[in-house]
């Protein structure tokens, strides 16, 4: 049994244990089991990393393919389940299992009073398994399996408290929106297979260069469409904010740190394909930038703390796609990592706030929590600074690199939109996160007689660790530290020196982005001093209504489809199609009745019938 | 026994039925139930023996038995199995015991008649899959209708009579023209082969002129299309499904619909290759309409069984799409998908049956928050639902993936439209699931909604096992059918010059 | 003074045996104490059985100045007729006793009518055919009216008689016209001469009128109008008997006249007969849809079956002729069987004639219900019954014969689908639990007033017919081979 | 010398008259007499053709027709008497219980 | 010179036929029938069928018509048909199709008409017909006997008094 397989087996085992016998275990045990399983994966991942490092010097690109079993085949198609162990998958595996482990631990405390811990942790383990499968997959179809499975897990976990219709609906929405993306993904997959005759990722990466531009672009765009679903980019972002109905740790793990980054990862994974499709790259960068800005603005006017964070996630994912579009996959992954740290931290902090305030999360009913929840507040603060991109916190380094690359993209392609929007978004980001902090932790409590108490160590511990990572994670990609992570990733995601790329005035760009961040914080702080919230008038409501996108979707897609369904089921199916069938039957019955009436019972008339018959018959016969 | 393995397989249930009919009095209900179950299990054992005896490496018909039946008309009793029929035979043998067990509690009256009808039905279905003589095939094909109609008409819901008659007449009306076409093929055979025979393999040696193929294939296709059912010939299905008792719905959805798709796969390439190729765009078109239409309409249903019925229209649309693709992935996918639909939809009907037995209501509106009352049931439902929604890892995915891949190779647009069905299936299934299982538990029937019993678990266990087994390791099935599929597809190749591509040979 | 011609009585031995039995019945009946009427049944059966033996043994050949021919057609036709007659005898006694109709004449008339049918199969002369027809019909008129006190039975009698006489007038005129053209009434001579006068109006009219005369007996639309009323009015066993024996006689004669004798002129009559067949299939089945009386339903069904049979006659290939004969055999069995079921039943002391009367039969007498259902399936032509083989044979021959045949076959199968509805409706009523609506006025407290009269003879008839239908459906090879070979002789 | 056509015309006319009688008259007895009329017209045709072909067959046919006609009359009249006993009518239209 | 016989006979026959059909009273019809029969007997003589003519007179006129008259008396069915006609349109339809039928019949019959050759010696005598009946037509002749027997039995069955409640269904 290869070590890599263990990576998957631990959480799988955890899932089976909790899923099958969990209900009969003492309520504290499932959490421990699950955490242990994830922890084991983390250890496995580390050992793999070590082995990987030992195997050869960092520079030489290496990818170990670990075959598991042959899944199925038909005609030319042969799908072999295999794992691909290289820098990219290792990085992701570490993030998933690492952050995952911390959140498992956190959950033990957070879900301490929930009646169904075993179900919760079973789902959580299943998710970790699915995510690891996704990142480790050596075959595009296997990747798709993980891709769909994480979707299911997110459906199950969002709807974990399914007694609440809102939660159930949110889960469903997430799954279906994801499915839309997945459909596109499948088509891309088919196209790749018909073009290359294989679904093996290594083979695809190798063959991508030879693909005709048209096919490469189409395939890339289809796959990217899938990514927009999973990573909540425009126009398929609508499910993520609703996903906040799930337990907060879930939001932290799935809807911030890991699953939503699958899209970014997938593009990195198929880097060569996208390289071969410049047109697609442009789309990626632009969509990313637009999403980043769009989501950030919405975050400005949300009252639900978790929703603020959700939109911030969407926005940050936008940054990552900008990086991908700018051919700086490594940078994108770098931001993915740092974001995983600080966004998880922020969510956990929010979770601890909810925990303390008995599930109140509406910022209008919070405030002044900095004193009672000082550790939580501290954690949130660090996360906020990292998000805002204030040096030297993690977010600063990654976001700044992205902006640089975006600028380079501008110089090469003349498309400065990503950079411009990126910079603007940096400012907005600082503003909304400051607002969130101000409304939640400072000023006078909205509800004086609430007596919040700080969270338990099991919850604070993970937060502390994440705080450290959020603070210092930047070193992984900081030039001063020699960019270890980036160099590591470059073994898989080589730097692409685009033609005519003039080297940007790095210093100037840094100054700009820092300025954006600081000014944003300042504005945010001033604007929301004493927890007063500025409404921004019409614009405010426009943002509060999320640019009315959800409303439009509902009016333009959901309702019409449902109406069409009812129309087809009623008038068309029962009315016309079935109507015809029944009409035939009825007309026959009627005809039968008619014929029957001819049988009047009068012998004379029968005789007449006979005579008429004779005349007609003989007539025909003799006239012929 | 080995010499006559298939005959034993086919007629074992019927024999059991006769014995039960003669030996066990109507009053001894449990005895009858057990006898019926054991008979079907014995049949399953024989089916396993057939699987063992089957040589996966050859695409030819195997375990053949041919007896001259009516020499004057050239009718023969010819049965044999190839990779295509093998899988469906297996499905049949597996599902009947489950269906019988599933109706243990729900069928209370006229148990004897019910059991006999079920066993008779099993023989008819097996016979249809295995016969290679056109007349024999038609005999079994029609024989299927009678017990099924009675299952619906006697143990069905309030509107059972209408449903039973509609099912019978609609499907029969479509099949009789096939009989005429069979005679026509026979006549043509007499002309071209100089031999009066209904033997499929023999008749497949001739290549009819394209015009004749078109007409005759149309007649065959009509019969099959109604059974499948291909849109817009589907309207008998919702009524039949809705009114039929659980076991009836299971068999109907899992097996009877497959008779149609099997027919397309078996007779199209062997007798009417050119017509099939010519008609494939039309078939694909109707299939796609069916996929989308069935999906959207399911979403608008208020009756659980109707919803599943329309979902069958959608799923069978996929199967037809795979057949229309006319390539290995398409055919293999369709074949697997037939099995999957049998398992998943069969299970779905059993799921509804569990609820119906408790509350005697199929109305979605009557339910809500069931998950809180029946957690084990909820788990089962979720698994079945995900497999029906073709989640990777469950059986459904392999089939739909292969089908769409095959379709994509034929024309990307077919696949592009087809994937719409993937989205829709998730939509209506999750919608229904949420309505029934989620939200606060509604007061109605609450007291009656007790979680699934051991027996019911026993019914679901094999299905769930299959769902994952096929999902994770479909190779055993695909390998067994591969050779036969290739041989079948060979027939579609346009004959170069006058040489006719080799018909599948027949061997013991 | 010319010498008496040779009289090949061996040739007509079967008819003589039956006739003898009939006379014996009559005589025995005179001085028989009204307790031991069983012997009459015995005698009749013995006669019929003996005739069958003799018939199968008797040599082929013609005699009586070419008027009588014993060939394959005769042999098959007579065997079938005799079998049908035997069934007719079996189903009668219990019913007659129940309704106080026990009279020796019943069996006498039945036997004589059988002789008529047998002679129709053997006639090779139009006058002979006419007399055979009358020998078949006149007893049937009387049998229809056999329950004299019942005004319905009388009505059946008078209607059947009046229309029958009317129709035979037409038949006779046809004979006269053909005689006028050809100067003979012998079929072979007729064929020879007609071959020359192919275009003669007289010939056409003559042949047409023959069709009408025979079509009346065969109940082809539009000459079928008597059938429903007569069946409904006549006593059940009489209806059972006439429904099959008249058809046998008529169709064997049709085969004798058209495919066998006038085969060469098929071009002239095929179209006309085809149209008749189509109309008959359609009208018969449609009318049956709307029936509530079991007898009327069977009557219209017999009309429909006449249509299917006529498809075979129209096709006129040896294969088709064989199919027609097979069909007759199967029809004789399933037709009588279907009637026998009803004869075994009684609803509140009435004869169980309304379809609803059978509600809950499965609960009362499962085996009988199963047998009944079996006959319904066979009448509907569903596999694996004899009905299917019969229909399949006819349609197959038709399809082989070309486009026109295909058209007829398609009409045939589609109308069969219609027939499935009304046949299965009966079966459904029998098997479905007796709902409140099914209860008939005057039902006993026991739920339904349905009573089953177990009579060994009727049971025997049920078993024999059911098994025959099964045999024909599952292992028809030998019967078909025999018939096929017989048909091979015609050419 | 009267040509055969004359006799044939007469026979056709008589036959039609008889048929009309059956169709139009309601008195059962008259209806039966009309049937007899039809049979007689047939006989005339037979005799005519016998004369024309100078073959005796036609006359023999008449003999058989006579016999059958006699029997039919017996049966028919017996039936009428029966019906009259129960329904007090000879109107054929009153015999209409059975229909549909 | 045969015309001298034919014309009045034919006229009588047609007149009798029409009268038969048109008469209000069955009795009148019976008389009309008698007229027709006799007229036809004359025709037979003209057509060289003496024996048949004799039979015609004896059997028909002598037996059948008498039988009719008996029944008419027995049922006092002298009453004319009631005014109510349940089938108003029957008469018209009958006349129309009757005319068409007559047309067909004439065209058919006349097409078969042919010249009369002088008949051979003793054509149509009892001897000739008898010979035919007892040689060539023996089988039909015997069959005719059977039919007559059936007639007798039928008369017995239908004529005898009915037992109590017999055949009540």
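Quick notes on this structure:
The letters A, B, C, D and E name the chains in turn, as written, and every chain counts its residues from 1.
Everything that follows uses one rule, which is that a residue touches a chain if its C-beta (ideal position, glycine included) is under 8 Å from a C-beta of that chain, and two chains touch if they have at least 3 such contacts.
Here the structure is a predicted model, which means the values were calculated and not measured.
Note on connectivity: the fewest chain-to-chain touch steps from subunit C to subunit E number 1.
Listed by label, the chains touching subunit A and subunit C alike are B, D, E. By the count of C-beta pairs in contact, the leading chain pair is D-E. A centroid comparison over C-alpha atoms places E as the chain most distant from subunit B. Remark: the per-chain Cα centre closest to the mean position of all protein Cα atoms belongs to B. Distance from the centre of subunit C peaks at A, each centre being the average of the chain's Cα atoms. Averaged C-alpha coordinates give centres for subunit C and subunit D that are 26 Å from one another.
Separating the centre of subunit A from that of subunit B, both taken as means of CA atoms, is a distance of 38 Å.
If each chain is reduced to the centroid of its CA atoms, subunit D and subunit E end up 5 Å from each other.
The mean-CA centres of subunit B and subunit E are about 70 angstrom from one another, to the nearest whole unit. Across the assembly, subunit A contributes residues 596, 599, 601-605, 607-608, 611-612, 614, 618, 622 that each touch 2 or more other chains. Touching of two or more other chains is recorded for residues 127, 131, 134, 138, 141-142, 145, 148-149, 152, 157-159, 162, 166, 173, 177, 180, 201, 204-205, 228-229, 290-291 of subunit C. Residue positions 8, 15, 18-19, 22-24, 26, 31-32, 45, 48-49, 52, 57, 60, 64, 68, 71, 75, 79-80, 82, 92-93, 95-100 of subunit D are each in touch with at least two other chains. Chain pairs that touch one another are A-B, A-C, A-D, A-E, B-C, C-D, C-E, D-E.
Every residue of subunit A that touches subunit D in the complex is listed here, in rising order: 596-597, 599-604, 607-608, 611. Partner subunit B is touched in their complex by these residues of subunit A: 70-77, 141, 144-145, 148-149, 152, 155, 159, 162-165, 168-169, 172, 175-176, 179-180, 182-184, 186-187, 190-191, 193-194, 561-562, 564-566, 568-570, 573, 577-578, 581, 585.
Against subunit E, in their complex, subunit C makes its touches with residues 2, 4-5, 7, 12, 19, 26, 64-65, 67-68, 99-101, 103, 105, 108-109, 112, 115, 119, 125, 127-128, 131-132, 134-135, 138-139, 141-142, 145-150, 152-153, 157, 173, 177, 180-181, 200-202, 204-206, 235, 350-351. Contact residues of subunit B toward subunit C in the complex are 26, 68-73, 109-110, 113, 135, 138-140, 142-143, 145-146, 149-150, 153-154, 161, 164-165, 168-169, 172-173, 176-177, 179-180, 183-184, 186-187, 190.
The touching residues of subunit C, when paired with subunit D in their complex, are 127, 130-131, 134, 138, 141-142, 145, 148-149, 151-152, 154-159, 161-162, 165-166, 168-169, 172-173, 175-177, 179-180, 183-185, 228-229, 232-233, 290-291, 293, 296.
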